[in-house]
Amino acid sequence: MSHAPTSRFHGVVPPVVTPRTADGAVDTASLEKLTKHLLEGGVSGLFVLGSSGEVPYLTNGERDVIMRTVAGVNAGAVPLIAGACEQTTPRVIAEGRRLIELGADAIVATSQFYAISDAAETETHFRSLHAALDVPLFAYDVPVRTHFKLPLPVLVQLAQDGVLAGVKDSSGDDVSFRQLLLATKDLPDFAVFTGHEVVVDGALLGGAHGAVPGLGNVDPAGYAALYAASQAGNYAEAARIQDRLANLFNIVYAPTPGRVSPGAAGLGAFKTALVLLGVIETNVMSAPMKALNEAETAVIRTVLEHNGLL
Amino acid sequence: MSHAPTSRFHGVVPPVVTPRTADGAVDTASLEKLTKHLLEGGVSGLFVLGSSGEVPYLTNGERDVIMRTVAGVNAGAVPLIAGACEQTTPRVIAEGRRLIELGADAIVATSQFYAISDAAETETHFRSLHAALDVPLFAYDVPVRTHFKLPLPVLVQLAQDGVLAGVKDSSGDDVSFRQLLLATKDLPDFAVFTGHEVVVDGALLGGAHGAVPGLGNVDPAGYAALYAASQAGNYAEAARIQDRLANLFNIVYAPTPGRVSPGAAGLGAFKTALVLLGVIETNVMSAPMKALNEAETAVIRTVLEHNGLL
Amino acid sequence: MSHAPTSRFHGVVPPVVTPRTADGAVDTASLEKLTKHLLEGGVSGLFVLGSSGEVPYLTNGERDVIMRTVAGVNAGAVPLIAGACEQTTPRVIAEGRRLIELGADAIVATSQFYAISDAAETETHFRSLHAALDVPLFAYDVPVRTHFKLPLPVLVQLAQDGVLAGVKDSSGDDVSFRQLLLATKDLPDFAVFTGHEVVVDGALLGGAHGAVPGLGNVDPAGYAALYAASQAGNYAEAARIQDRLANLFNIVYAPTPGRVSPGAAGLGAFKTALVLLGVIETNVMSAPMKALNEAETAVIRTVLEHNGLL
Amino acid sequence: MSHAPTSRFHGVVPPVVTPRTADGAVDTASLEKLTKHLLEGGVSGLFVLGSSGEVPYLTNGERDVIMRTVAGVNAGAVPLIAGACEQTTPRVIAEGRRLIELGADAIVATSQFYAISDAAETETHFRSLHAALDVPLFAYDVPVRTHFKLPLPVLVQLAQDGVLAGVKDSSGDDVSFRQLLLATKDLPDFAVFTGHEVVVDGALLGGAHGAVPGLGNVDPAGYAALYAASQAGNYAEAARIQDRLANLFNIVYAPTPGRVSPGAAGLGAFKTALVLLGVIETNVMSAPMKALNEAETAVIRTVLEHNGLL
């Protein structure tokens, strides 16, 4: 329900996509334009090096360039939450430290992956990260990638102990999400974000502090308006905006199933839309992901036009 | 968002639990009291022979007794949606026909299970059920049991073709849920229900037509009030009621993990709460599920007291 | 390793497929021919109403007809192991009793399905079945259908306690399979069968008592020869026969992925091969599964010819 | 079946575990002793930086130390297959190049992980690795970690095209394993290894070229004897040795479930056994994994004694 934010982390915090040039290099000029586009759209923070930023495909050198570029344009305007995407505790710590030196205001980390772990190790994992990293720590719950749902009791305990500053939830488990909100509602410095583009209205009604929508790259102002309506207690208006954004989200169904991978479809759609909007130069993807083709681009153009963005 | 219901199927439709006597037989006297308790609570329909009714554990004879008992008390007051819980198309048809003879106003069926099927067969499955059964047909999306998520495009096509009268969604996939609502919003006779107890407010805000909450057995009036607030456009009030009901939902965490199975924990908690409320006689479960013990019952008593139900 | 069988249940026990007439009825004449084909091929038992027999798709009436037909032709020649395919303990008991009356010499049952159960309930499940059914009880481990792997410690305990007469393993977990063989090697009345067509040689080398190969419908004499070679300690010969049968197993890849479901592909291939061999009349499948078409049949014909069966 | 090896990669290739000192550093002295222990046991190759070597937990600096240490002791005695454990194509290439500089004779890589990929991208992935790395490339099929089973048709195509020099299979899918063996039996430079400790006899009978058993750290001579028996066509003897090694494998069940994670249990058991055998100094694990405690160590001691290793 509506409430003035108590954490500095709140509102719309889009996961910044990674533009590439035609020859596959990180396109820093486009990334600068994209960062300005997001800030001008009224976002409250930036999630750098998230899944939508193709972080698992980036070499360490590329990660550094992206972190520096976004931090340069942002210049302290909004908090930068950076993803330390690594397999296990020792490697996340090393990655997190590097990102903090490059300007991260907070670090977001998943549970361990490739490892075969459990709830107890996961709790230790986050406690170790917290002890080793000098900025607020967010847990990223993304079982579709890690194949491990962060257990609700672990999250609640880590929140109460001040280990976690918040959670970015892409678990698709709205029941656990609501229980987490209820269990942490009295912790002023704890912030819960939904990562799901099409249910932000309900998440905010249930007490969430914000959203990390990949689609927010395409329409940051739309999500900012949705958040503002919710903050004003105007939930019917929030739902109307959400319905429009859910329709816009249909761009992710443009790619032909089988031609591009499930992972490339959504990200490719966001990048293609940003090309059509004139924000970035190409829709080239990190190898081995395939870019959307002309036919798929045409579908996206139609959806953008239908929703008044073109 | 708020809208006057167009389908006769809408609002709170709790899945009726199955009371048993101390020796394990179906307790028809308790079932009659429970049915009255639900109707007096203001529910808009009854979901008979659902998962919360322990339907997979019931012999055909027991299913008949339950159907007859609920239909007798209801006497046409609200629509009866009955679950035809069987493995494949031919067996669901046989089961559905029997339930219609016993008073079902609509049939709800899952995708095939135990079978190794796919999207195309699932579409054929529902078309065959629709052709063979003379009452409205609902799809029950419960991948935690069937291990198959009903594909969004299949549901939308079946809705547009008039094959399905609605969907009961227990998929935990709130993104697909919202897309289904958007895609079917112009179909006046199509009704979408959420099966998740703790996110009904957000589901209704997003356009859902009602809920099938197992917890609605325990507090039907609470869910009826939530639905009424939502219908009145008072979403903040709906969220407050939902928060209280989400707290009440904590009864499902009373059973000791490992002592009772995950399937028995929630259902056992609902039945134990109903015993404490004086609605049914025992919390005996269908074999081989274990009933909650005294210590677990004490936890539930505390939650009920904390929420003002005792 | 080679050993004279101590259980009456051993050797090749094919799961009998279900022939249908062109209009979809159970084809008892073809089923009689098939049963003779299997007995003449040298099988040591018959698995009636298994997954390969399309048991989840069969109405109770059809199950009865099949049981009676096979029992009539068999006339006590080999043991009949019958699948009581139902959702939970009470329903399996009812189903098992009916099948015993119709001539089953042993009952095979899976863990509960559609139910959300656990290891403890599963142990109770099999103990209850054993107490209620007056014939030897086999556990069928088929997580691809039940979505629950029978836990190794539960199987070992039930074997040691005489609850189970054996296991039919279609788990695909060859590690657990070997550990089960080791843990039960001193139990003379316990028999472990592999359900995987292409690794029977290794299973027998590791101490398995037999196999339940769906492909055994097509080439029962081949599997009988493989078993005989293994019994004689001639493992190299067993492996040569297995390689040929593994090549023959390629018929299951004939169906076009996407056109027929994964569940229908293998069974449809077996039935199509039996039609080509002149054993049954049609390759019609239980609804809603699709039969293989002409092009797919042509591929199967080629594989049969290549392997000298046509 | 028995055959003289045609690939230089064959036989027993244990995945070398990573000894640590009491304060958690990589213990190079113990690693040197372990490498000698393996070479003296008669292994045909060494798998460095595998899952059993705790590779996901190692920082890049630790990976370098381990690679250098093993290469130094080995001094070209047997081929070194090194695991380039990274999330995606670009990162595996960078990792692989570093390991080749440090002495790897071959690189083994999994499919992409954390990424949401598909079969087509996976084929591109391995083709890109092959093009970028100047040593033989092995695919490591380990869906329990990557959550993606390498598709059989992709593996066969990559084998026929000379992209892959072999496969290390830890998929647990013995059906796919046998089909891979059959489909590649005429490719002299392609080698298939099983990663499963307890079914090596059956794998070799079916045509596998060797094994990568974690338990081979503990009893390399036992696995070498098993391989030799198989090469001599004495499968009954191979099975007897396998039964003994399967019994020895019970050390992995010593850790208390729940106290240590599933990932730490097996690796911890191998390391604890090596301490008891006097090969390495401590059983310390990479953080956050817990080492086995005294009670668990006592169980392992008993198993070692029972199997004549102590």
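Chains here go by letter, A, B, C and D, matching the order in which they are written, and residues are numbered from 1 within each.
The working rule: contacts are C-beta pairs under 8 Å (C-beta built on N, C-alpha and C of every residue); 3 or more make two chains touch, one makes a residue touch a chain.
Just so it is clear, the model here is predicted, and its values are computed rather than measured.
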item	value
Pair of chains joined by more contacts [C-beta pairs], A-D or A-B	A-D
Selected pair, out of B-C, A-B or A-D, that shares over half of its residue contact pairs with C-D	A-B
Chain centre separation in whole Å, for subunit D relative to subunit B (CA means)	49
Between subunit A and subunit D, centroid-to-centroid distance (C-alpha), Å	36
For subunit A, residues contacting two or more additional chains	none
Arrangement of touching chains [line / ring / star / complete / other]	ring
Residues of subunit B that touch subunit C when the two form their complex	56-59, 85, 87-91, 94, 112-118, 120-121, 124-125, 128, 144-147, 258, 261-264, 286-290
Contact set on subunit A toward subunit B in their complex	1-2, 172-175, 178-179, 182, 196-199, 201-203, 205-207, 233, 235-236, 238-240, 242-243, 246-247, 249
